[in-house]
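Going by the order they are written in, the chains are A, B, C and D; count residues from 1 in each one.
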Amino acid sequence: MMQLVAHWNYFAVIILMMVGLYIAISRGNLVKKVMGMNIFQTSVILLYVSMGKVSGGTAPILIEGRDDIIYSNPVPHVLMLTAIVVGVASTALGLALVVRIRESYGTVEEDEIVALDRAEDEREFSGEAG
Amino acid sequence: MNDFSVHLPILQVVIPLLAAPFCFILRKEAVVSVFTVLVGFACFAISMDLLAQVIDGDVLVYELGDWARPWGIEYRIDILNALLLVVVSSMAAVVFIAGPGQARRAIPEGRGYLFYSAALLTLTGLLGVTITGDVFNVFVFLEISSLSSYILIALGRSRRALMAAFSYLIMGTIGATFLLIGIGLMYQMTGTLNMVDMTERLRDAEQTRTIFVALAFVVVGISVKLAVFPLHQWLPNAYSFSPPLVSAFLASTATKVAYYLLIRFCLGLFGLTLVFEVVEIDVLLLPLSVMAMFVGSIAAIYQRDFKRLLAYSSIAQVGYMTLGLSLASEAGVAAGLIHVFNHALMKGALFLVAACVTWRMGGTRLDAMKGLGRRMPVTMAAMVVGGLALVGVPGTVGFVSKWALVSAALEKDAYLLGFLVMASSLLALVYVWKLVEIVYFQEPETGIERREPPLRLLVPTWILAGASIYFGVFSDFAVDVASRAAAQIFAAGM
Amino acid sequence: MDAEATIVSTALILPLFGALGVVALGRWPNLRDSWTIAIGLATFGSVARLVGPVMEGARPALVQPDWMPGLGLGFEVEPLGLLFGLVASGLWVLTSLYGFGYMRGHGEKNQTRFFACFALAIAAALGIAFSGDLITLFLFYELLTFSTYPLVTHAGTEQAVRAGRLYLGILVSTSVLFLLFAVLWTSVIAETLHFTPGGILEGQIEGKQAGLLLMFFAYGIGKAALMPFHRWLPAAMVAPTPVSALLHAVAVVKAGVFSVLKIAIYIFGIDFLASGGFSNVLMIVAAITILAASIHALSLDNLKARLAYSTISQLSYIVLGAALATSASMMGAGLHILMHALGKITLFFVAGAIYVVAHKTEVSQLDGLGRRMPFTFGAFCVASFSIIGLPPLGGAWSKWFLIQGAFDAGEPWMVVVFMASSLLSIGYLMPIVARGFFRPLPDGEEEGLDEAPLLMLLPLCTTALACFVIFFYANDVYRLLAPIVGLDGGS
Amino acid sequence: MSGTPLKMRVRETVILRVVGKSVVPFILLFALYVQFHGDYGPGGGFQAGVIFAAGLILHGLIFGLDDLERAIPPIVIEVGIALGTLIYGGVGVVSMLMGGAFLDYGALNHHDPVHGQHLGIFLVEAGVGITVASVMLAIFYAFAGRSRD
């Protein structure tokens, strides 16, 4: 039981992860899909950052003459800086695609898009036969 | 100058990386396209040189900014990634020749250089993933290549390309994030990101649940990128609606690099014992590979579009590669790597044929390809060569792969498996033959005027088709390099 | 490279060269056809020059550097291969001659493609004949399939395409699924693929598995037309008659049974085959194929289809000979390759001649035709006797040895099979002769000589004559083959 | 959609205009501070680029896209993206030409490697800053520009 409480950060991460993944997979709205993806990515950022935390540690800025300070591990933070950039880039790209999908289909609902595609398919192939 | 050659590992990545923004400055499409081809061939030359340097078993290490590991990022080249570098850069060089005019429909007039920038960035990412010796760097480069490849896919003619790119984006990002989680857990266990250090510490570390979970996340993440059945859903749409050149480039490089990652992580980092004896990943991977071989091929038979057919066939071919890995033997991995090389050649050739067909017919629907054998005989001959290679007819590269793979299976006394590989290549015969009959035996609807695509399309197509035959007859190169690479990674994985 | 090896390479390259020449000379038909004949004669000549050395025990070999680590393209001429090479290259000349007459008499299109593929097929057949290891054999086996595909679909009609699909489908799928697999299996357990006198498998594999491997080989070589993979053969009947002759007498089917025989002798080894008793299944399948195909042939009215089923039945003689695994049966099988080739090619030549002259394809239409085409029907009669196995024709010898082999092996039922099949072959061949000579012509058709063109008549009379002549020269063939099947030379 | 009326309303709001006009220069200045202080304390090109772009985007939100595009034309942004990357990579290549490894700033000044490192970091951060700011603006332009046509 204590262990569960002590690892509460992982539970937060896991819950966020599941929420994000579920939204990304189950929602038909493309914007919501992007949001789900974002939540999913954010959960990973949390995972890394909480991983780098050393209890009682402070920001790893060296101060001359002091070697008794406990620092947190800075590496995960640095990594997550990059991951944030990647996240921003993929979100921007995803949204850009959604904008263009909306322009050419007139909708951002996945099932409607699939229906439109199917109708187009049928028109094309039956037109060929006729 | 001689001295400068120590910088080749970094130049391999930096040249395309800097060339991408340089395209922004050059702007003129005619100039940019020539420039891109030059960059492609420069990369190819570098990768060949690197392969020559490491082929005898030496490992090249290049420390970025002179920071030694574990502080800095290092590039680390052994035979395995040198082989992949050659595959990726050679495919890029050849495919770039056919560059001009690919995305006319999707890109506003005068901004064609954007296409080249994205292509070069994809190349950078793929090369970077392959060359780096730092696991987090793998993730970064993987995302560079993925993001730019989503852009490339979205440039397809029809609006469906957008949806295909979007689905790929979601799937790809989830996959990459899985990989990132796995890497995070590995970092947590080992405290390093450098592959060499990580390997050492993982070998010594206790086999805790964290490591198993890390392995699971990493394998699933890579499998999405690799399109391992049943995580392949994004692939057919992505390949069939993207511009044909993009399909040619991605089909012959992106999945290959993902396969490399799978080998690197499973054998190089986690190690043979953990992956195949403790977790027994092959229990899952092997049936999935076999399923992929059959499902992919059977689905390919029923397609009504040439590129879509090729895309499904790719899923089956990925099955051969993962089958090689899941045999967990040196011969199996070598067979998988041989197939990486060979499949790049033949699929590249076939997708370039699709580019030629698109140029002529405006699309690749099979019913529009009737009688093309008489209308564009040179192109269609290349298609026959590529198709026969897919089937695995002797004298083509496909035969070499299949020989290696089945031998590897039989060596492990997996007779049924070897037989199944044979059976699945018969399914390939069915869809290839369907193509041949459509192209040669059905009457075209609109005249039989003979008109071949321009040389810039025809030449790369035939370079790859010719290579599919050349390396099928003189297969020493691929077999030798792949066997050495497998031996090296296996020694490391013990 | 010694002198014999040079000849071997010449014999292998000449047909390829011939194919190129045919394409280059395509615009001038006369030149093209003369070129084919010249190359054909040269090829036959160079193969024939190998007879002397091989009879004296030489085994000219030609090994190419490895094209895949551990796998080279290797050739080695041994008696059985030489015999097949002689049959293939010799009959190529005759079939070409006949082909000119047929194609021209028929005004066929795409003759250049036709003769080019023809030459390519012969090159492949010679490659099979001289192959020194299994992988070389497999390569040329596939080349033969693909080079004959355009021949089968020559007409380009819907029916031809469908037949082509069946042809390619069965031959390629069996070869990839079974043959290649068997080759790989062999390479893994024996670690060599080289054809070695006495076999390479003995002691490497258990009896049951060996039986399975044998079946993989037998069914993998779909060209041997064992049931139930025989359907491609009758389907390929849509092709022009010279092609049927090529398929059924010269290159394709003979390549199939030759491969079976060669694998039996040089991969399994006669002793190993005889010792295990694991060839029983193959024996039974072959026996069933012999009888079922013969019985089915009785019921067919189409002349070429009837001949096709006759071929299926006759091919299994050779497979059965191999499965019986005695010296005599192997000898009979080897002889049968030659004897059946001569007989069956004559029959097909005749069928083509009838089609070109009288445009008749069914057996029931042939009434009285023998009197209008006496030479043609005469040749048919001779060849039929040879197939049935009556002396003094070549077929008698092979059947003699096969039956003796069945006795030696202690398989009386197989003797019965051979006998029954002979009776059946009388049943499906003799009515044709009888109709031709003894039935009156149908109403409205005039009597009087109406023979086939000389270019067709000449080859078919030659082969019929050969059936007769070979009876007296069988001893030479016997001496050629004796060493490899473990018999003393001369009888 | 209803983008245009909203923009009109924003433009008419006096408070926003006044606050915006007075705050934006300080935001930009702060961005430069973060940029150049990055050598010694927390900060650097990445944060600076984002802050810089945020300031400009704020300006664009208040005074309209046209206004911003007049000040910073899209072509400048495009060149900025390329330029930043090229500066970054260029430093690496130059350090390589001067005999060090890629991005080995010490090699930039043979007499005093520390000085070389300062120079290297400064240039690299400048490159990063330019690229990040340009990319942020490019994204803003791309989305904001859509609704108008």
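We take it that a residue touches a chain if its C-beta (ideal position, glycine included) is under 8 Å from a C-beta of that chain, and two chains touch if they have at least 3 such contacts.
Source: prediction; values computed, not measured.
Among the pairs A-D and B-C, the greater number of C-beta contacts is found at B-C. Centrality by Cα centroid goes to chain B.
Chain centres were defined as the mean of their Cα atoms; on that basis the chain farthest from chain A turns out to be C. For this pair, chain A with chain B, the centres built from the Cα atoms lie 26 Å apart. The centroid of the Cα atoms in chain B and the matching centroid in chain C are 45 Å apart. Taking each chain's centre as the average of its CA atoms, chain B and chain D sit 36 Å apart. The full set of touching chain pairs reads A-B, A-D, B-C, B-D. Of all the residues in chain B, the ones that touch chain D in their complex are 4, 7, 10, 14, 17-18, 20-25, 62-66.
Per the touch definition, chain A reaches chain D in the complex via residues 61, 81, 85, 92, 95-96, 99, 103.
Remark: chain C residues 66-69, 71, 138-139, 142-143, 146, 153, 156, 161, 165, 168-169, 172-173, 176-177, 180-181, 184-185, 187-188 touch chain B in the complex.
On the side of chain B, the complex with chain C involves touching residues 391-395, 400, 402-403, 406-407, 410-411, 415, 418-419, 422-423, 425-426, 429, 433, 437, 441, 473-476, 479-480, 483. Within the complex, the chain D residues that touch chain B are 78-79, 81-83, 85-86, 89-90, 92-93, 96, 100-106.
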